[in-house]
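The following pair of complexes shares a single chain, chain A, combined with chain B in the former and chain C in the latter.
== the complex of A and B ==
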């Protein structure tokens, strides 16, 4: 397997509760990997650990050839080629739709950034991703004024603007209208076509079947099953733990 | 009528001073979300650094003022780097940061008093100031410079926040610092830049006040309190609201003492603060 991301016995405890309990998974490059399991099984915690939102208490991570990583800090994430969206959308609320995209295209040199305006190339990239999610017309609206679905789409557009190698999507379809679901699933498939890696947390098994090449099933912070969606979703333990709810 | 004109002019000058203080204070509050009382010390440092460079070293007044602004900016940068940044790294609460900033303020004020004594000093070169008559009201050259500086700094900050990459990063951090980090914004560097700029503005305010009325090591507390009141009136963290709040405060204070003794000025300011906290706690401009 040509893996881009591995965890080795990764652990996270919250006040004695094992949210992620010695989990080892391997994510294949250029594929869509589903992360499923009942509520509270540790899916989002795992995503948070891998994107530096929380430090992990034990274990290692390997990202794109860099192995033995014991600590991931949130500001390391872009350097690892990782980007993400959140279960509860997190935007820069007081900024316009366009600025929400332009800000991730900001160069890192603080002195030049003090005086520099965004160049044509940045505006073109922002236009490209906003048109992809159908929000170009809303470019001058404040993010806080968008509808729930539009906010989800803007968050996805921001992730696309990052031009990363690994995309973590935490329930990107939740609360979306059918046409928006179609749009987002199209974007995710497109990312795979371009050789990008997608890790997807999703509760809709139809979408998991449609999109995912491989699935990990979590329960109580541990790995319950893994494999191709069709096989995994027929697994008796999985049905009992998750689908049978 | 002349008194009325004079009160308007006095209100504009006081409002401009408070606006300068509120501009830097709100810029910093916007990204760190705590009341940085240490900011008051930067007003003092700007003023005393200028005093040192011009009265003791003997530098040209403009060069001394520039070095004063720079000194305040650098001290603000260092305080952020060695105190606040380390506390933020340890996930210190805003209350802890507030107490730390009070400590910073007290230490820097004490050091200033030790180095320069607690006596009142003046930055101006001559006893008589150039004065101008505007519709029967009197303003000094320094007061005109204060007004111009407040307008120029406000315009410069507006352009910086809305048009530059740095400004967008500042706004992003103000909205959600954690996400700002995840999308690749170097939040520590941007916050450092904000502290430098904000503290430099505080230093400039201290220098201008020094030319207008004089300096003393305790000047920072009163001024930071006025800056905080102006910020709360305008909507805390809102750079433009702070300017409006500052002008409002300047007018209320000066017109409030029309028929009262000048000693009531501070009491009026705090009554206005309490009224806003009671009836419009999010200020004129709700963010």
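== the complex of A and C ==
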């Protein structure tokens, strides 16, 4: 397997609760990997650990050839080629749609940023990703004024603007209308076509079957099963623990 | 006429203070209640240099900025680890410490006696001793600070500040070490307050610690809240409103023995009403 991201016995406890309990997974480069499991199984916690939202208590991570990583700082994850969306949409609410994209395109260095105005190239990239999600017409509106579905799309556009190697999408389809679901699933497939890696948390098994090349099933912070979606979703333990059937 | 010029000079000084604080509170969302401390450090640096050394006003302004920014850098390292209410409380604590230093470091500040005899600026043999010339100078400084503030806001740096205000954790995952940004804008904002302090010291020609107590920080905060957070024109409006308000209150006819207290009551009342009915202030783009 040509893996791009590995965790080795990664641990996160919250006040004694084992949110992620010695989890080892391996994500294949250029594929869509599903992360499924019942609520509270640790999927989002794992995503948060891998994007530096909070530190892990034990274990290691390896990203794109860099191994033995014990600590990930959130502002370092673009350097690892990672970007993400959030389960609860986190936009820059009182900024325009366009500024929500431009802010991730421009200079990171403080001094350079102070003397930089966004350039034509930034504007064109912002236009490209906003057109992809159908929000270019709303570029001057404040993000807070968008509908829930549009907010989800803007968050996805912001992630696309990063042009990363690994995309973490945390329930990107939740609360979307069918045509928006089609749009987002098209974007995710397109990323795979371009050789990008996608890690997807999703509860809709139809979408998991349609999109994912491989699936990890989590329960109580541990790995319950893994494999191709069709096989995993027929696994008796998975059905019992997750689907309740 | 001279009194209107006096009000104009105060307006310019408070525009400088408001512009700097708006970068921090309005654009970055950091509720700082310590601006009077930096205002005071600038004022004392200029006062000490002008009365005890051969420094001129303009070199004292530059040295004041330097001293204030170094202080802000050290304080900001600690403050940038905080957010929300904790940031406000920690900044308040710093204002109290600096005020105590002004009051008790008698060898340097002359404590409650203050520093008298601060000279007016001179440039190429021209003395800004008349109030009208000082007004022109103060407006030029205010214009410069206003321009610098607009430059910052319109830069990529300014956009990141707004993103920090909106969701600091979210902007971090896009590669921004926000502590550096918070520290940088804190230091810049303090440097601006220092300029206002230098102008104030040289204008009044006497300073004592009472001008730099917490109430002054709250007054500056009131300017930007009333004018409107995250809007530079709001700073102009807020400063104008609060400078002219005491004049308007003269016509109300409060008895002279309670006029000063009533002014504070009116300030407080305006703030409460704004929070209730227009939390963004007159021109604000963001509410706390």
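As a convention for this text, the second predicted complex is superposed on the first by the 244 of 245 C-alpha atoms of A that agree within 3 Å, B and C clash if a C-alpha of one lies under 4 Å from a C-alpha of the other, contacts with A are read in each partner's own complex, and residues count from 1 in each chain.
One rule holds in what follows: a contact is a pair of C-beta atoms (placed from the backbone, for glycine too) under 8 Å apart; a residue touches a chain by one contact, two chains touch by 3 or more.
Only a predicted model underlies this, so the values are computations on that prediction, with no experimental measurement involved.
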> Would chain B and chain C fit next to each other on chain A once aligned, or clash?
Replying inline: clash
>> Looking at A:131 after the superposition, I want to know if it touches chain B, chain C, both of them or none. Which is it: first, second, both, neither?
In response: neither
>> On the A-aligned overlay, A:210 touches which partner chain: chain B = first, chain C = second, or both, or neither?
In response: neither
>> Tell me the contact category for A:90 with respect to chain B and chain C: first, second, both or neither.
In response: both
>> Quick check on the superposed pair: does A:240 touch chain B, chain C, both, or neither? Answer first, second, both or neither.
In response: neither
>> Applying the document's definition of touch, where does A:78 land relative to chain B and chain C: first, second, both, or neither?
In response: both
> In the superposed arrangement, what residues of chain A touch both chain B and chain C?
Replying inline: 51-53, 74-75, 77-78, 83-84, 86, 90-95, 99, 102-104, 106-108, 110, 113-118, 158, 162
> For chain C, which residues are in contact with chain A within the complex?
Replying inline: 152, 154-157, 159-160, 162-163, 165-167, 169-178, 180-181, 184, 285-286
>> Looking at the complex, which residues from chain A come into contact with chain C?
In response: 51-53, 74-79, 83-84, 86, 90-95, 99, 102-104, 106-108, 110, 113-118, 158, 162
> For chain A, which residues count as touching chain B in their complex?
Replying inline: 51-53, 73-75, 77-78, 83-84, 86, 90-95, 99, 102-104, 106-108, 110, 112-118, 158, 162
> In the complex of these two chains, what residues of chain B are touching chain A?
Replying inline: 160, 163-166, 168-169, 171-172, 174-176, 178-187, 189-190, 192-193, 287
